[in-house]
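Before we start, here is the structure in question, set down as C-alpha cells.
Naming follows writing order (A, B, C and D), and every chain is counted from residue 1.
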Amino acid sequence: MSQPSIGVAVIGAGMVGRAHANAYRNAATVFGLGLPAPRLVAVADLHEPFAADAAARYGFARAETDWRAIVDSPEVDAVSIAVANGLHREITEAALAAGKHVLCEKPLAPSVADAQAMVEAAAAAPGQVDAVGFTFRRSPAINAIKQQVEGALGPVRHFVGNYWCDYGYDPGRPMSWRYLGGPGSGVLADIGSHLVDLAEFFCGATVGVQGTTMATLVTDRPRPLGVAMGHAGDVQVSDERVPVENEDVCTFTTSYASGAVGTFSLSRVAFGHANTLRIDLFCENGTASFDLTRPAEFTIADAGPATAVNGVRTVFIGPWHPYVARGLPMDFPTVGHGQNDFFVYQARAFLDQIAGVTTLPPCPDMAHGLHNLRVLEAVVSATDKPVQL
Amino acid sequence: MSQPSIGVAVIGAGMVGRAHANAYRNAATVFGLGLPAPRLVAVADLHEPFAADAAARYGFARAETDWRAIVDSPEVDAVSIAVANGLHREITEAALAAGKHVLCEKPLAPSVADAQAMVEAAAAAPGQVDAVGFTFRRSPAINAIKQQVEGALGPVRHFVGNYWCDYGYDPGRPMSWRYLGGPGSGVLADIGSHLVDLAEFFCGATVGVQGTTMATLVTDRPRPLGVAMGHAGDVQVSDERVPVENEDVCTFTTSYASGAVGTFSLSRVAFGHANTLRIDLFCENGTASFDLTRPAEFTIADAGPATAVNGVRTVFIGPWHPYVARGLPMDFPTVGHGQNDFFVYQARAFLDQIAGVTTLPPCPDMAHGLHNLRVLEAVVSATDKPVQL
Amino acid sequence: MSQPSIGVAVIGAGMVGRAHANAYRNAATVFGLGLPAPRLVAVADLHEPFAADAAARYGFARAETDWRAIVDSPEVDAVSIAVANGLHREITEAALAAGKHVLCEKPLAPSVADAQAMVEAAAAAPGQVDAVGFTFRRSPAINAIKQQVEGALGPVRHFVGNYWCDYGYDPGRPMSWRYLGGPGSGVLADIGSHLVDLAEFFCGATVGVQGTTMATLVTDRPRPLGVAMGHAGDVQVSDERVPVENEDVCTFTTSYASGAVGTFSLSRVAFGHANTLRIDLFCENGTASFDLTRPAEFTIADAGPATAVNGVRTVFIGPWHPYVARGLPMDFPTVGHGQNDFFVYQARAFLDQIAGVTTLPPCPDMAHGLHNLRVLEAVVSATDKPVQL
Amino acid sequence: MSQPSIGVAVIGAGMVGRAHANAYRNAATVFGLGLPAPRLVAVADLHEPFAADAAARYGFARAETDWRAIVDSPEVDAVSIAVANGLHREITEAALAAGKHVLCEKPLAPSVADAQAMVEAAAAAPGQVDAVGFTFRRSPAINAIKQQVEGALGPVRHFVGNYWCDYGYDPGRPMSWRYLGGPGSGVLADIGSHLVDLAEFFCGATVGVQGTTMATLVTDRPRPLGVAMGHAGDVQVSDERVPVENEDVCTFTTSYASGAVGTFSLSRVAFGHANTLRIDLFCENGTASFDLTRPAEFTIADAGPATAVNGVRTVFIGPWHPYVARGLPMDFPTVGHGQNDFFVYQARAFLDQIAGVTTLPPCPDMAHGLHNLRVLEAVVSATDKPVQL
C-alpha cells in the first residue's frame, strides 16, 4: 500500500464515458486490497454539462471541455478515451506522447491505417500501458465458459454469435456519429467489433471471412437539436433528415486456424432486443452459451449427468467463478451484476498493469485492437468473395 | 360424406415413415368432418419387421417388403415415400406412372437433375397430386407467425435460422445413408432443406447465397450390424469404421428478392440439442421467434404495449391459431402438441387435395421441391463465391 | 393376439370426452403390440351434435343421447364416464351393475358419501376394472421425476404445487356446472383434485391439512343460451346473471406421513395462465420441477456436476423416459407431446388391465378416488382449524 | 450543494455490512446531484479483519472492533446496523440516544417486545431518521410492478410468494446465529420477513394468518473453528455438532384487509436455489411476477394485445422504470443490475431523508419494522389455529 496512487481521467462523458468514470471510482474496491484508490483527476467532454455531471457524480476533481487539458495535466497518469471512433487516434497519439497510459475504447479506430499509427505510437512509448476496451473479456460468465473450453468442454468447433440491438430501430431517433462513415462503420464496427473479438477469445485467430451481406433499413434520420448522448432517445430533433451512411444489419461466416467455423448476425434495428449479445459454442465435449440480457448466468451441457436426467444447465455466477469473489460487495450466486461491473473489472486490470501487478489477465493492447480492425476490414471485403487473413 | 374413401400406403417404415402411417390413421379426426376416413392399405419396408410393426400398430391391412407391391396395388390411391433420399426418384416416378397421388419426403431428391425428372413425371400425371413433405409449414405456431408477418408485423427484413441437432454427435453411432454423398448431402440436405424452405415461407424467393462454410467433425463411423433406423442409437455396430462423406456443420448467408437478408447455421453434431430448429424474424414492425424444442409456442414483440410494460411475449398456441381448433381432441392453449401432429395436418391437407377440398393451404408441390434443391445447390456453390439465383 | 377385442364407449362428449374417444382410438398404437385394437362402439352425449361429432370424428360406430343406451349395450365392455361430477355416481353404479369396466373422471364424485357408494359398487363387481382418471399420473415427465425421487433424488421434503388456470377469469364466460355446489366444489374439486393426487404420488399419504383460505372473485355469470362445452368461450349468453356458488381461489398447507410438508395454491381466475400446473419438489438430494405449460420437459438439480458448472438442468423427454419409447410415432427428445397423449396412455393402461396385461402401472382405482375426496373434504374443513387425516 | 456532508458508519462488516459500506460510498453517484457525498467515517466489526477489509476497500477512514466507538463518535451522523438480529435493539437504542440517524437491518428485532422498545426509542428522538432495511422495496422491477398495480393491473387478488434459498442445504455448513432461537427465528425471520413485507407492499395490511407448518431438515451443524461470515461456506469446522434450534422450511396462508389472499413457501434448504425470491401477483386486470434470480426483469400479462398474439411479456428494466435513470452509469435496458444496487438506492433514500430531500419514497421506519414482527409472530401462532391481526 505504499505505492503512489495513480491519477486518472476520462475523455468523453457520454454513454460509456460514465461507465469509465464510475469504474475508476470503484476499481480499488474489488478483488485484492493491494491497489491504492486512484486519484480521480478530471473528466472532459466537449459538452460542458456532461463533463460537469460526470465529474460531480463520480467524484472527479475537475470537469474540462477540451481533452487537451487532460493530456496536458501533470496530475493525470492514465486516461480512458471514450469518444466517437473518429477521435480515438488523435487523442491517443497526444496522450501517449504526453506520457499517459491509455485505455482507448473499441473499435480502436475507423480504419486499419489509423489503428496502425496508434500501435506505432504505443510502441514508441514502451513504458506506458496501451489498452483497448473489449469489455466483455471481463464478464465473469464469459470467463467461466472460457475455463471450460480450456478444460472439460474442449476446443470450440462451431461458434454462433448474434449481437442484436434496437437502438437504431426507431427512424425518429436522431442522427449521430454512429450512422456516419462507409460500409462496415455501422453495426459491424459498433457492436460487431465486440463479437469478432469474443469469437477469437474462444476460437483463436480468424483465417477466413466469407459471405458478408449488409442492409440499411433506416436510410435517413432527423438532425438532433441538442447534444445526443449514446443512443439518444431523449434529445429533440429537427424536421430535416440526414442520410444514414452505413449498415444496420450485417451477417457473415468465418473460419479459424483451429478448424472452427463461425456464424455472425448483427443488427442495430432488432425490435425488442435492447442489447442481445448471444454466443453459442459447440465444443468437442459439449455446448455452452451466454446471453448478455442475463449477464450473470450462462448455460452448459455435457455428457456428465446420466442421459435420463441430462439437459442444458443454467449456471448462475458465484464466488467460485472468475472475477466474482470480492468483485461484488455481496458475492453469492444470483445476487446479480451487469455490464457496468465489467467496466470496473476492466479498470482494475488496467490500473493493476500500470502498478505492475499481474494477478488479473491484462487488457488487450492496441496491437490487438489493430488485429480486430483487420478482421473487420476482411468482413467488409468478403462481400464480393471469401477473404483469407 | 358420399365421397369414396381414399386408399393410402406408406413406403418406408423407418423414423419418419411411422409418422406418416400414424398421420393417415388420424387425418380424418382433425378439423372439419368432410373427409371420409382413408382406407389404410399397406406399409412397405425392405426390413420386414419394420413394415409389420407399423402396419399392425397403425392399422394398415398389409405389410410389404417390396415397394413395388404398393405401386402395383389397385387398392392404393395415394402413397407417402419415406425412404432415403436416393430412392425418392425411382419410387416417385413409378408411383406417378401407376396413377398414384404422391407425397414424397424432403429433400425431394439427391440432385437437381433427379428432382427435375420428378417434376416432369408429375407434369405428365396432371390429375394426380404431387407433394413434398415440408412438414414445418403445418406447424400452428409457424403459421401463427406467418399471419402476423402478413399483418401487423409486416415484411421480414432479417431472417436468422439455426437448425442444430445432436444425432451425429456421438462418433459411436452407426454409419447410415445420412452420412453418404457429396458436399451438401449431409446436414444441409437433411435439415438445412427445411430451414431454407421456412426462410422462403417467410421471406419469399432467395436471390443470393453467400459464404458457405462446411465442416465434418466426425470423419468415420462404425458399420452397423443390424438395420439402423432413424438416428439409430440402438443398433449394434462392428469394429470396422466407414468414412463419412458429407458435412456435419454448414453455415451461410442469403439474400431475398424482398431485400431481406438471412443467416443460417446448421449442425448435426450439436451436443444438447436434440432438434433445435430456431428462427428469429426481424420484421418491419416487430420481431417473432419460433423454437421447435417448444413446438406449441412462439414469441413476439411489437410496439403495442406501453414501453414500461413492453417486452417479448411468449404466446401459447390456442384454438384461435391456425390448425388448432379441432386439430387436437382438447384444443385449449398449453395443452401441448408436437412434430407428430404436424404430419397429421400434412396428411389431411394432402388427402383434402386429392378429394378436391380446398379449405387448407395445399402441400408444396414437386416443382417447389425442385426449387428448394436449386437453393441447396446454390448453397454448395457459394463456398467459392456468392451465387445468384 | 388371439385375445378378443374390447368394446369401448365414452359417456360425455364435451371437452374431456373427446380426449377419451381419441384415446381409445389410438390406445393400441402405443407401446407393445399385444393389445388388439378395441372396438369403438359408441359415444353418448345429451347434446346430440356433440355425440355425433365425436363418434364420426374418432370412428365410433354409434352416437347416442342417452347414456343408458351404452350401459345397456351388450357390445360395450368398457366405458369412460366424462360428464359433470354430479352424474358420476349414478352412471358408474349403473355401468358396474351392467357388467362394464369403468374409467370414471376425477373428482370421483361431489361428496365422500357418493364416492363411498361407488367404491362399494365396484367391490360388488370384483371381476370388473374400476378406475379414476388421474391423467397426470401418465405424464412421461412426471414419471421421469418419480423415478428420480425413488432413486438418486431421494424422498421429497417439501412439495410446492400451483395449479393456475384462467378459464374463469372473464366474468362474461357463461355459468356452467363448474360454478355450482358448495365450498370446495369449485377450483379445489376441479383442478385441486389433480394436484392433491400428484402430491400424494410423490409424498405418500397426507396426514394433515391446514390454513385453507378461499375466495370467489367472479360472483355471478351469464346464463348460456346454447350448450356450453368445457370452458365455453364460444357459446352465446343471455343478459341474466346467475350466482357463482363456489371458490375461484383456494390455498392451504399440508403434512405427509413421511414428514414432508406441502404448499398449495389454486386459481381458476389467473390471467395469462391457460393451464399452469407447476410442482416444485425439494428432495433429500436435490430438486425437480414440472410445469404443464411445457409438458414434454422437466427440470432437475443435484450435486452431480462440479459447482462451477452446476445449475438447474432442463431435461427434454426422450425414449429412455417412461411412456415415450413407442408412445409417439417419432419418439426422440423435443419432438413434443401434450395432455391429449396422457389420455392415450391412460386408456392403454385401462385396456391392458381389462386384458390382464400388467406391463404398465394400473390406473388408480375408485378406492383411490375416494381417498382423494377425503383429502379434499379435509381441505374444506381446514378453513377453521388444522385437520388430521 | 451547500449542505454539510453527512458522516456515516456501518456496524457489522459481514455479508450485508459490506453492501451497506459500498452503498454509502456510491449513494451520491445515483439519481439527482443534490446530495453531497457522505463522509465515510468508520466500519465496526467484532472481528477486526472484517472491519479493516471493509474500511480499506470502500474508503472509510477508520476500522473499529467495538460498535460503541461508532455510537460515541461525534463525526458520525448516521449509522447502519448490520449485525445479527439479537444485537439490533441494544445498538439501535444506544445510537438513537447518541443522536444518530439509524438504518437497522431486518428483521428489526428477535421479538415484538424488543421491536416495541426500539420504536419507543425512535419516538424519543423525533429529529432523527429511524429506518429498517427492507431492501427489496428499492428494486426497480418490484417498483415497476407496483406502479402497474396502482394503475392498469389494479388491485392484487391473490399473492403467491416463494423464498427459496440453499444456504442451509449442506449439513456440513457451520452453525451460526441464523440457526439459533425459537420457532420462527429460522427461515421465517431471516428471509420470510422480506416476503411478508413485500406482500404488504402490494396487498396492504395483513388481517389473517393460517395453517403455518414448519420443518427442520438439518437438525445439527458443526461448530465453526473461525469466524463465519454470511452463509459461511468457507470457514473450517470442528467435529462437534450443535443442535439447530429453528425451522428450515415454513409455509402458511394469509388474508389481507383488501380481500386478497396469500400463499407463502419458505425454505433455506432448497438445493439449486441460491436466492429465489419469487412473487406472482394475480390482479384485477392481469398478472405480474418477479424472480430475484433475474433481478433486472419482471413479467406481466394483461388484456392489451390481441388474443392471438397475447402472452406473458418479459420486461427488462430501463430508464423509464423507477430507480433506473441515472441509477446506473449506463442505464439502458438489459444492462443488468442486482441486489447490491438495491442497497445503494436504499442508502440514498436514507441520506436524502436526513438531508430533508423528499424525492424518493422514504425508507420504512421502525414502526413498520415492528408491524412486520407482529405479522411474523402471528405466523408462528398460526400453527395451531387461524390468527387474526
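One rule holds in what follows: a contact is a pair of C-beta atoms (placed from the backbone, for glycine too) under 8 Å apart; a residue touches a chain by one contact, two chains touch by 3 or more.
Since the model is a prediction, treat every value here as computed from it, not as a measurement.
Averaging C-alpha coordinates per chain and comparing to subunit A, the farthest chain turns out to be C.
Interface repeat of B-C: among C-D, B-D or A-D, over half of the contact pairs recur, by residue number, only in A-D.
Between the Cα centres of subunit A and subunit C there is a gap of 54 Å.
Subunit A and subunit D have Cα centroids lying 34 Å from one another.
Subunit B has its Cα centroid 41 Å from the Cα centroid of subunit A.
For subunit B, the set of residues that touch two or more other chains comprises 302, 311-312, 316, 318.
Put simply, subunit D touches subunit C in their complex at residues 157-158, 160, 162, 164, 208, 210-215, 217, 249, 251-255, 259-265, 267, 269-273, 280, 282-283, 285-287, 301-303, 311-312, 382, 384-386. Subunit B makes touch with subunit C in their complex at residues 15-16, 18-19, 21-23, 25-26, 28-29, 33, 37, 53, 56-59, 230-231, 274-276, 292-296, 316, 318, 326, 328-330, 332-341, 343. Those residues of subunit B lying in contact with subunit D across their complex are 144, 147-148, 152, 297, 299-300, 302, 304-305, 307-316, 318, 320-321.
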